[in-house]
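In the two complexes that follow, subunit A is the common piece, with subunit B as its partner first and subunit C second.
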Partner chain A sequence: MRKFFDRHPFWSVIIFVVVAFFIWMVFAVWPEWLKDLIGRKKVFLNAVFNGITLGGLYFLVASGFTLIFGLMRNVNLAHGSLFLLGGYIGYWITSSTGYWLLAFPVAFIIVGALGVLLQIFVFRRMEGDDLKQTLVTIGISIVMADLMLWGVGGDFYNITPPQWLSGPVETFFVTGVKRSSGELIFMKYPIVRLVMFAAAVAIGVAMWVLLNKTQVGMLIRAGVDDREMLSATGARIQLVFVGVFAFGAGLAGLAGVVGGTFQTIAPGEDIRFLLASLVVVIVGGMGSITGAAIGALIIGLAEQIGSVYFPTYAVVLTFLIMVVVLAFRPQGLMGKTG
Partner chain B sequence: MALTEQTHDPLVTQSRFSPLEVDVIKDQTGWIARVPGAYWLLGILLLIMPAIASDFTLDQIFGRAFIIGMIALSLMFLAGYGGMVSLVQMTIAAFAGYMIAIFGTSAITAISLGWPWWTSIPLALVLAVLFGTAVGALAVRTEGIYTIMITLAIASAFFYFTRQNYVLFNGFSGFNGVLPPQLFGVDWRGPKALYYLTLFWATVSFLAVLYVSRAPFGLALQGVRDNPRRMAALGFSVNAHRIAAYAFAALIAAVAGILNVWQFAQISPGTAATGPVIDILVVAVIGGLKRPIGPFIGAFIYVVLKTFAIDILVSMGLDGNRFQLLIGVSFLLIVFFSPDGILGLWERWREYRTRDPLLGKSGEGAP
Partner chain C sequence: MYKHLLATTSLVAMLGASAAYADGHSKPLKIGVLATLEGTYTVLGEDGVRGLRTALKGAGNKAGDRDIELIIQSTDASPDSAVRGARKLVEQDKVDFVIGPLSGSEGIALRDYAKTQPQTTIINGISGAQETTFVDPAPNFFRFNTDGAQWGVGLGQYVFEKKGWKTVATVAEDYSFAYTNFLGFAHGYCKAGGKIVERQWVPLGTKDFGSIIASLPDDVDAIYLGLGGGDAVNFLNQYQQAGGDANLIGGSIMVDGTVLSAKGDAKKALIGTPSSGPQADTWDNPKWQAYVKAYQDAFPPDQRFPSPSLLATGYYNATSAAIQCLNQVKGDLSDGHKAFRGCLSSLELDAPNGKIKLDGNRQAVGSNFVTEVVEKSDGTLANDMVAMVEGVTQTLGDDEAEFRKLGLPSRDIVKCD
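Showing the complex of A and B:
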């Protein structure tokens, strides 16, 4: 942080001002001129919350993607299909057993197992051939998308969360003041999205701890830096590869359940979330978990705020962010050079 | 490519002449003798095709194959000679199609400007090339598999943008009634006219790619593909070559895009959705990324499969709607077993046949 300030004092001040203004906008009761300028605070706060929680979902999808990429240099373009498969599994488990919580471990394990199979039978056979691996993942995503369309059909599915998570909850964010009594009005927000976001943060923190504080994490980080050297030291790198691929794929499956609860799952969502994770890791930096978190937050916020304030150009905003990042930091915000 | 081809030349391999002498001999023999016989046969066959084939075959099989083949050819040029797998070629084609609909005439008179063809076509081409160059300038900042990610993201952004934007791109429904000009009193949408039109431009772009690949620029581009550092040290601007390659590929894709919009008489965001964008890569890989003829072979196979998928699948006892499955599985098989596509399989088979069982060498006395 200190180093960044020393190096870019001008940018630091600008970022600080923007963040301070943003925090003020979130917490303060808006004066009339601001209301005239961009509308009611409730709309704004809802967009911000939707953006942040959507960012949580994007993080779950993109962190698996970036982890696999960082270690194996494998752009897994079938990641969106794994997400969709997780969503369908989650729907099936929830509707057949009635236990919503059960859907998460089941989706994680089944999709993770599929990841193990993919790694052992497909990617291990073409190690070091990046382009071929990527092409194969495209083929797999085409096949999986059609198989799922065949098996499940083109309908929209929505996973219903249990009773204790449905309905809105009152938060401590002020949206306005009642004209008659002068009481403060607090924002209501769907509790399930807040819980999901908290879970995403928890998973993110757990991943950070796993990567930075444990022996396994050390192995993975060493592999990201130089896998030839790691395997030369006698580490069983194939085991690490399988483990990371399973974990990354499992995360995609888990995110599928979250996505199915947030929104709907249907054919085409696989491409949407693949694209989202692509943009997130391009913005955040390839192979970096922190980068994925920052990128997911930026993209989620840009998408939601964009769709509220300039609906026609929401996609362009996301795209512009990507272009600007590429122009100034081709390796992504948190990516390493070289 | 040109360098490796020369070593397969019978004049060189039979080693009666040095490569330099061969060049002199070639100059004397003229270009007609140097074109392989199979190409002459193919060319004549394609020229007399309208006398043999039905209108449906001309329009829906050959016309489509030429158009898709041209777009895949532009991808092949970038991937094969430049080492950059760009998924944005279909998007550039669609962009050119949109431009022709906006500047030319269409049924959406509120947006279309209705300018004459000699303004709208060059304008569409120029804008599409500019668009492709801009994308290229962005994409060359990254390398290898990153390029796939960036271009896929750009292609999807274009798709979502055209779907949301009603002012310029008329949103979800796009443009219909985009007709080619009635030049020389010919209805260019008629099956025979369209066949010859697409055949002409496919041939032109094929020859252009062939020429560029052997011209100094193409050779430098292949050098950049193989070793960017060495080329930079030799004084070549690596990025300028790559961006120029994107511009050239964009021109081919743009021509194909205009033909594409004329064939369907309409254009909508679905033209450049993620599916078609990836299909172009599938087509190019199935055909083979090493030679300019590959994409056309891939496109022909793709179009035939797509047209007759229902019959093929039903005859195998499967649901007729599983076309994507068929395409996906054949793509996977090709990638798995032959990285150079169908052409690679063919070459390997030929090498296997001509291999000398004692020496283990191939190529000696090849037919």
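Showing the complex of A and C:
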């Protein structure tokens, strides 16, 4: 932090001012001129919250994707299908047992197990052959999409969260002042989205701890840096590969349950989320968990703020960000060069 | 990225093999079908195909003494996928004629494609953009369903007068059908004296409506929703989570069977929502009831909706019209479809959702229904009929010159704020 300030005093000040202004916008009661300029505070605050929570969902999908890529240099284009499968499993578990929470471990385990099979029977056979892997995973995703369409049909599945998670909750963010009584109006926000976001943060933190503070994490990080050298030291790298692939796939399945709860699950969602996680990891930097978190946050915020303030071009904004990042920092915000 | 090329090609089994005829047209008739069997409108396309199959089943898979062979081509609601699909059907499979497409912009694209293929005939499935037949129509493109604007007729007056909702805000998808459908509502609503204070247009395929829901004004009487398919379900789901409780008004595909039978509880937010469209699920007309029964009998309960959606009805009517005219010309299309097209132009179709005839642009003039969503005793949701308007023309009852002056459907037509 200190170093950054010493090197870029000008930019530091600008960033500081922008952040301060943003924080003020979130907490202050807006004056009239700002309301005239960009509309009601409720709208702005909701867009920010939605962007952050959507970013949480994107992070869950993209972190598995980036983890797999980082370790195995393996672009798994069937990742979206794993997400969709997780969503369907989640719907099935929730509607048949009535326990929404049970959907998460079950989806994680089943989809993770599928990941193990994929790693053992597909990827291990074509290690290091990027093009082959890419083509094979495209093929797998098409087959899986059709199998799922055949199995569950094209209906829209929406996982119903339990009663205590439905409806809005009052937060402590002020959106305005009542004209008549001068009372403060607080923002109401869907509780399910807040819980999902908290879960995404918890998973993110757990992953960071696992990667940076444990022996397994050390193995994985060493594998990311130099696979050959790690296997030469006698580490059982294939076992690490299987474990990471299972974990990444399981995360996609978990994200499917989250996605099915605050959006819907239907054919086509697989491609949408694959595309979203590709954009997220390109912006954040391939192979970096922190990068995935930052990328997911940026893309989520861009989508939501865009959809409110310039709806026609909201879709373009996401890709514009990707283009800018690729132009000025092709390795991604947190990516390593080389 | 890449696209799923899911081309569902199916052959209808030729049961009860008929003896071969000596003359030239004893070969099976090849009918190409375009339906959205992928993407956000998948379920809608599937039900369209069910409607078509119901009609074929009713005719014993025969028309004009010829067996019928179906080639079904999937599209994804985008115009280029529709043209690609039509190309394959017409130029590669050499079908006799095409039934489809389903979605608004697809219809406009196929009108233009039809002009390049004068030897074939296209009978619209259920696409409802106004321009398809209103602007520069193709001589070989026939539409037996009323368009999106016609589907809005009656709703504006109903919510203004009967419900007493004087101001509305709107959220609708940003493409031709939603504009057209909205125009039908706005035309009547503005005329009745209502005010449309805010319009939000969202891209087709929007999944996260959180911010849009938050920005809905809370000082209006009702909110008009012009969404469809997965977008509609997503909106309702998130609307409930956000604790929304405003009065809702539904566009025609917002409250359609495809949304009313989605899995999960989100759709319950729609109970009591007024809407309008070319059919009412609970209409007691015997012809309608017979059609509903035919649809229910044609498919096992887990492979269909409780009752046919308007998409099924659209494809059903298009197919019925084709079969009737094929019977009339005895299956003979060898005159370059001349007699066949003549028959289609002058046909008065006694459809389950009211009598339909075509105007000079080969566009349907038919009935429209104002409905309200009710929960039936078995827990399913349905559109209950509250009013019916007969003989709705494409100009919504206005003089044509006056109607054209309004402008083509777009974001700001009709204005009354």
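By definition in this document, the second predicted complex is superposed on the first by the 338 of 338 C-alpha atoms of A that agree within 3 Å, B and C clash if a C-alpha of one lies under 4 Å from a C-alpha of the other, contacts with A are read in each partner's own complex, and residues count from 1 in each chain.
Definition applied: a contact is a pair of C-beta atoms (placed from the backbone, for glycine too) under 8 Å apart; a residue touches a chain by one contact, two chains touch by 3 or more.
The structure displayed is predicted, hence computed values, not measured ones.
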Between subunit B (first) and subunit C (second), which, if any, makes contact with A:Gly139: first, second, both or neither?
first
Of subunit B and subunit C, which one touches more of subunit A's residues?
C
Go through the superposed model and pick first if A:Asp130 touches only subunit B, second if only subunit C, both, or neither.
first
Once the structures are superposed on A, label A:Phe156 by its partner contacts, choosing first (subunit B), second (subunit C), both or neither.
second
Identify the partner contact of A:Gly98: answer first if only subunit B is touched, second if only subunit C is, both if each is, neither if none is.
neither
Should A:Gln304 be classified as contacting the first partner (subunit B), the second (subunit C), both, or neither?
second
Partner chain in contact with A:Val323 - subunit B first, subunit C second, else both or neither
first
If you stack the two complexes on chain A, which partner ends up touching A:Ile282: first (subunit B), second (subunit C), both, or neither?
first
After superposition on the shared chain, which partner residues are touched by A:Pro9: those of subunit B (first), subunit C (second), both, or neither?
neither
Pick one for A:Val43: touches subunit B only (first), subunit C only (second), both, or neither.
second
Shared subunit A footprint, subunit B vs subunit C, residue numbers 138, 142, 145-146, 149, 271, 275, 278, 311-312, 314-315
Which residues of subunit C touch subunit A in their complex?
1-2, 4, 6, 37-40, 42-43, 46, 174, 200-203, 205-208, 210-215, 229-230, 233-234, 237-238, 240-243, 261-266
Flag every residue of subunit A that touches subunit C in the complex, lowest number first.
39-40, 42-43, 45-47, 49-51, 53-54, 91, 95, 138, 142, 145-146, 149, 153-160, 166-168, 188-193, 262-264, 266-269, 271-272, 274-275, 278, 303-305, 307-308, 311-312, 314-315
Taking the touch rule as given, give the residues of subunit A at its contact with subunit B in the complex, in rising order.
73, 75, 77, 130-132, 134-136, 138-140, 142-143, 145-147, 149-150, 271, 275, 278-279, 281-282, 286, 311-316, 318-319, 322-323, 326-327, 330
If we count contacts the way the header does, which residues on subunit B are in touch with subunit A in the complex?
85, 138, 141-142, 144-146, 148-150, 152-154, 156-157, 160-161, 164-167, 274, 278, 281-282, 285, 319, 321-322, 324-325, 327-329, 331-332, 335-336, 339
